[in-house]
Amino acid sequence: MDGQSLIAAASAVGAGLAMIAGIGAGIGQGYAAGKGAEAVGKQPEAQGVITRTMLLGAAVAETTGIYGLVIALILLFANPLLG
Amino acid sequence: MDGQSLIAAASAVGAGLAMIAGIGAGIGQGYAAGKGAEAVGKQPEAQGVITRTMLLGAAVAETTGIYGLVIALILLFANPLLG
Amino acid sequence: MDGQSLIAAASAVGAGLAMIAGIGAGIGQGYAAGKGAEAVGKQPEAQGVITRTMLLGAAVAETTGIYGLVIALILLFANPLLG
Amino acid sequence: MDGQSLIAAASAVGAGLAMIAGIGAGIGQGYAAGKGAEAVGKQPEAQGVITRTMLLGAAVAETTGIYGLVIALILLFANPLLG
Amino acid sequence: MDGQSLIAAASAVGAGLAMIAGIGAGIGQGYAAGKGAEAVGKQPEAQGVITRTMLLGAAVAETTGIYGLVIALILLFANPLLG
């Protein structure tokens, strides 16, 4: 077994681990969706500002999930550890 | 044991780890569905806007689960680490 | 298998592990988005201060996710453990 | 494989593990942000004291995330286990 | 590979694992910060006692995070397992 293969193998595991960060955005954005639906039900006339605030906050919550995706893509397609 | 086999084996583990991200979308969208059902029960006349807001937010919460699926599919079908 | 390869392989796993910190920001910022949407629905005239407070708090919650990203990038691109 | 390489490899994994502490600060500070946004919506005239209390509490919650970052940086840049 | 190197390597992983305890303090102190901000918004004239109570409780919540930090520092700088 050569060293390059070991690094490539560990990168595959690391890419998978990095995606676990997505758990957070899924829970958080789902909570925002639920609260948004509840608020729209109570004040349908404010649907526009409620939806905008919900999506703005959800976009911020998406960031750390995207960080994980970026690290996974680096490990797979532009791995600096593979010589 | 040759290196290609080690990379393939680690990719199988990595693909499985990446799917763990789906925990988040499952919890979050379930919460949104519950709040949506609750809101429709209270204001049946607002069913349309409530459902639209719920589905919009749930679609955003789906994204990180899809990221995990994409990384898993790459590891399985288009693995750049396998020479 | 040489020592440098082992360190590089472990760094790939460590980078993936570091991203898991992002779970927290995702959940927390999603909660803030939900509460923000709810508050804007009740007091649409206070949308400005609500959104500012939500984004200020979300920025603080982002920090630990960024710490994880920085450690991952150091492990990948400026690894001090690789001789 | 020599002993120093094994220690360096384990340190890379340990640095990644230490960052996971950041999950807590992310969730907690996001909760504070949500409650802060809610409170500002109800009492916009008290925005100053609400934001100060929120940020003071968030600063305390940040500490354990910073402890993890410090341990990770020690493992990477000032590792006492590497002879 | 000698035994002392194996102990040092395991200590690096152990130090990282110990920091994960910080998740609890982060969530708990953030919850306290959110409730504190909420209470200050309702009774701004009681800001002093609310903030003192919040910080007193947060100090207690910090202890387990500090325990993790102490064990990590012992593993790194005063390791009794290394002969």
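As written, the chain order gives the labels A, B, C, D and E, with residue 1 at the start of each chain.
Simple rule for what comes next: a contact is a pair of C-beta atoms (placed from the backbone, for glycine too) under 8 Å apart; a residue touches a chain by one contact, two chains touch by 3 or more.
All figures in this text were calculated on a predicted structure; none of them were measured in a lab.
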- Please flag the chain sitting at the greatest distance from subunit D, going by CA centroids. B
- Query: Looking at C-alpha means, what's the farthest chain from subunit A?
  - Reply: E
- Item | Rounded Å distance between subunit A and subunit B, as computed from the means of their C-alpha atoms | 10
- Message: How many angstrom lie between the centres of subunit B and subunit C, each centre taken as the mean Cα position?
- Response: 18
- Query: On subunit E, where are the residues touching two or more other chains?
  - Reply: 23, 26, 30
- Can you check the complex and tell me which residues of subunit A touch subunit B? 1-2, 4-6, 8-17, 19-38, 40-42, 44, 47, 50-51, 54-55, 58, 62, 65-66, 68-69, 72-73, 76-77, 79
